[in-house]
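One chain, subunit A, links the two complexes that follow: it is found with subunit B in the first and with subunit C in the second.
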Partner chain A sequence: MTDFDITSKERDGMAPHGTKVGLLRVLGPAHVWALGVGIVLVGEYMGWNFAVGKGGAYAALIACWFAGLLYSCVAMIDSEVTSTVAAAGGQYTQAKHIVGPLMAFNVGLYLVFAYTMLEAANAITVGFLIDTVAVMSGHEGLDQRPFIVLAIMFLAWLNYRGVLATLTFSLVITAIAFSAILILFLATSPVFGGDVLQHRALMTDLPYGWLGILAAMHFGLWYYLGIEGTTQAAEEVRSPARALPFGTLAGIMTLLIAATLTWYVCVGLMPWEYLGQSGVPLFDAARMSGSTGLMVLLGIGTLFATLASANGCINDASRAWFAMGRDHYLPSWFGAVHPKYRTPYRSIIFLVPIALIFALGAPLDQVITFSILSGLLEYTFMPINVILFRRKWPLDAIKRGYEHPFHPLPALVLLCLCGIAYFAVFLGYGTQLVAMIAFYIVVSLWFHFWRYRFVRRAAQFTMPWPRPQGY
Partner chain B sequence: MDIWNILEYVAWAASAAFGLIIVADWLRTDSTYSEDVLMSSREGELEAMTEEHKI
Partner chain C sequence: MARYEPPTQSKLGQIVDVIVLLVLTIGALYIPLWLGLAGSAQTSNVPENPTWESLGQNAVMVEKWNQLGYADPAAAAELITSRFDYSFSIGSLLMMIVVIVGYYAIMLRFSEKEYREVISEKFNGE
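So, the complex of A and B:
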């Protein structure tokens, strides 16, 4: 513990650098878990099954495990670094401290794009789900737009009003959505007396061979895409060193279980040709189980998973945008904190119309592809980041809340898996991948030659870290 | 007009209400507090207050 007095004039009464209004430290490990799992769980309810369409049921399982390995590396690396860099912005702030300003600017944009696109995709899905319910009740031609707009506006309002209520809401609906998957598994499992699963009749060999497994990798990411979002809570958890690793690692374990159970139940109820094209595979699985109760439960689970994901995305995108504004990487106006609700309210407001434009004006598959590509670029940064972190601040130089094992093996595995995922994405969405990289090159040039002159270079590093080795 | 048509109007109205609440509070906050206060947040407070990062 330090021996200085935080109430002294040098500390301005509240904090070391003149902070009068800052983000509120009210969250615990359960909120961190809810933030990470809440963003991701929608991927179990829809999206992952396109991996089945690309390469069959076994290809989807192999993609599930490979992607699980990739994200386990992500979770371990993130847990170590973010338990030390406990500030809003997550990977953006990590990049700023460990790699450099240009990397940080790019990572910040990856984060905002990935989460805002995912938020828009979730809002589109809410509209689709409500339309499905309307059709089932006999109403054709529902206007989905008011429900898409309402989802975004309600969640933006919730985020505006405070992080504790926002993530407690996420915690409740995420827990219900996860429990629905468990109940579906238990109700259909032969272990508990059910006899509806038909694995023996439905499972086939790889219909497209090993190339199908490679193509399935793209959609295998959906099982876990977004777990790295836990780091954005770093400035709002009561105990970052404990809560962030605990919440993140519990989150990836939850998702590994949920992904495997989802695959097992779905491929046991539907032939791969149908499952590979289903819009809502878990809901369809519940319908095919013949139980009305399960159908209602999984319908609610689908809606809750979608809302939890959009909610977490608003939270995370606004923190990344806020942190960049606070450091003058973007106009500093975005770095404001609400004096009553203690949220980055200007960043939340600014991102609302952007999410609305994409939700109302762009096709779902394009929106999600841009989200995945931004995420993939972010994962590629992580191994570089952790290798530099360990080199500049070895274990005996700075305290960590968690030390990930077998370094540098997880970083190298992550780098290799990212390479495979790039190739898989290139096979299906090569044009978008090239366009996305071209966009980031252009904005990097803008940042380097114009924007960086507004950054107060010393003021952006306010953590009391020791000098890095070699500097 | 069935229940779904009514729900469409309710959703539009609720969206507008949430938007108005946010914008009204935003304008009120910006006019009540100085920019110095609103933008005084700095990263790394907890570390500086509780830890020295020495082992």
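So, the complex of A and C:
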């Protein structure tokens, strides 16, 4: 077994690349939880409800649970690999060490686009929420664009200034947004004396039959999309082997509870046809509860959830872009760390206009679909990754901080669920699916035949691992 | 094995590479939008002079629509009757499968070739 022990608490703040200035190791398990849940919790506040539109209320619940199973597999697999590959870039760095450079380049792009599109979706929701509040207070025709730009610019500035302040900010607003969902559930639930939920009268049969359940898996992923982003902070966590699995698995449990509560409250307050197309479903649910206090609370919750998510997305997308720059997969200019704030500042700034282009120019459901598709391609990579990881470095070859149970069952389940999710996206959004994969094929050829010539071969392998078996 | 020394890329070359990537990204994501090919395949079948009954809404649903600001069934008719079209041909499904499997096959094949070079240089050089 290799001498290097990832579970050691003696690791310093240096990057594992021999650079003089590494990212700052200041984060604990609560920050990891906040990063994961903070990115994803917005999925309960908007977007998940398009699953209701694609298959009806019951289909959305079934999709929620199947997607929960998919993400449980993702969290288990990711926790094992990340507890060993603790470096900025998360799955990108895993792919580089386990599968190969081209896979890593693709995974890096999946991460950047999944998070940047999610950031754009969050900014669109901020604008939509402010517009809704303006209409309710008698101010029709508000221009949403300044609010979208302001949200992205403010959060990018926060990320530029430092990771600890950024994720502490996320921790606080995520906790408030999560509490708002619990309070809405408690205030409306008949268990606690509420009588506003009317499931019996509002629930209908499956409008598209069983095919609708499959189709609903598309937006069912939105309940949890981004939880795997916890690994992006691997180089900035004080004790990665403990904090990353703990934070990620606690995060998925939090989200499973929040997703089920969200579905329960919303389908008991709105007809499915409206819910399936709502821009801010939890805020609408609070409006329908008849309580002004709840409406204000869920309005604040929606705003905080979108800001926390966009905040985490900027954090994660910039780390992936930074890591690719550091390895020369992209121009090395992006691989710089700020001398004072020790953040990947050039990557943070560079991704701002891309997020703005989509936030200001594309419809919400399509931006979400772009994000989901990139996420889905990434989840398809994960079973391949973990199977190769166990084959190249069996359990006795490298000490893991966490070993996921029942291997290879989670990998095979994940692969099957990804297949179902591709079919779900194909139903209704097939053109985007093919366009996106065509893009990845073209950039893969560009990387292999052009860009890869600028990459040092051995320098990509930075982990102090033994030689992989079979090579 | 001889250690591979990559060429130094000029600043202009780096800028061109970033522009290529940006154009490909924005193109792939925006071209379907510009061509009107992206997005949900939804259709609405709004009946003439719709009533809440003809739209299949019960008393509780009507009350909820009113609370949501849809006092008139005609205003809500498009939302209520909007449906996805899930019909597809086996040919298009097969094409999607071929594209996805082909993509991963190409990627894993090229990755494996590159990976062997990395491992060879890393561990044979020690």
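What we mean here is this: the second predicted complex is superposed on the first by the 453 of 471 C-alpha atoms of A that agree within 3 Å, B and C clash if a C-alpha of one lies under 4 Å from a C-alpha of the other, contacts with A are read in each partner's own complex, and residues count from 1 in each chain.
Here is the rule we use: a residue touches a chain if its C-beta (ideal position, glycine included) is under 8 Å from a C-beta of that chain, and two chains touch if they have at least 3 such contacts.
Source: prediction; values computed, not measured.
**Q** Comparing subunit B against subunit C, which has contacts with more of the residues in subunit A?
**A** C
**Q** Name the contact category of A:His338: first (subunit B only), second (subunit C only), both, or neither.
**A** Only subunit B is touched by A:His338; subunit C is not.
**Q** Between subunit B (first) and subunit C (second), which does A:Pro394 come into contact with in this model arrangement: first, second, both, or neither?
**A** neither
**Q** Touch check for A:Gly293: first (subunit B), second (subunit C), both, or neither?
**A** After superposing on A, A:Gly293 lies clear of both subunit B and subunit C.
**Q** Touch check for A:Tyr160: first (subunit B), second (subunit C), both, or neither?
**A** Once the two structures are laid over each other on A, A:Tyr160 reaches subunit B alone.
**Q** Where does A:Met436 make contact in the superposed view: on subunit B (first), on subunit C (second), on both, or on neither?
**A** second
**Q** Could you list which residues of subunit A make contact with subunit B in one structure and with subunit C in the other?
**A** In subunit A, residues 332-333 are touched by subunit B and also by subunit C.
**Q** For subunit A, which residues are in contact with subunit B within the complex?
**A** Its residues touching subunit B are 1-2, 6, 11, 15-23, 25, 86-89, 93, 134, 137, 139, 142-143, 146-147, 149-150, 153-154, 156-157, 160, 235, 240, 323, 326, 332-333, 335-340, 345-346, 349, 352, 396, 398-399, 462-466.
**Q** Taking the touch rule as given, give the residues of subunit B at its contact with subunit A in the complex, in rising order.
**A** These residues of subunit B touch subunit A: 2, 4, 8-9, 11-12, 14-15, 18-19, 21-23, 25-26, 29, 33, 35-55.
**Q** Could you please specify the touching residues of subunit A with respect to subunit C in the complex?
**A** Contact set of subunit A toward subunit C: 53-54, 99-104, 106, 113, 198, 201-202, 207-208, 211-212, 215, 269-271, 273-274, 277, 284, 287-288, 328, 330-333, 354, 357-358, 361-363, 365-366, 369-370, 380, 384, 422-423, 426-444, 446, 448, 451-458, 460-461, 467-468, 471.
**Q** Can you tell me which positions in subunit C touch subunit A when the two form their complex?
**A** Within the complex, subunit C contacts subunit A at residues 3-7, 9, 14-15, 17-18, 20-22, 24-33, 37-42, 57-61, 64-65, 67-68, 76, 79-80, 82-86, 88, 92-93, 95-96, 99-100, 102-104, 106-108, 110-123, 125.
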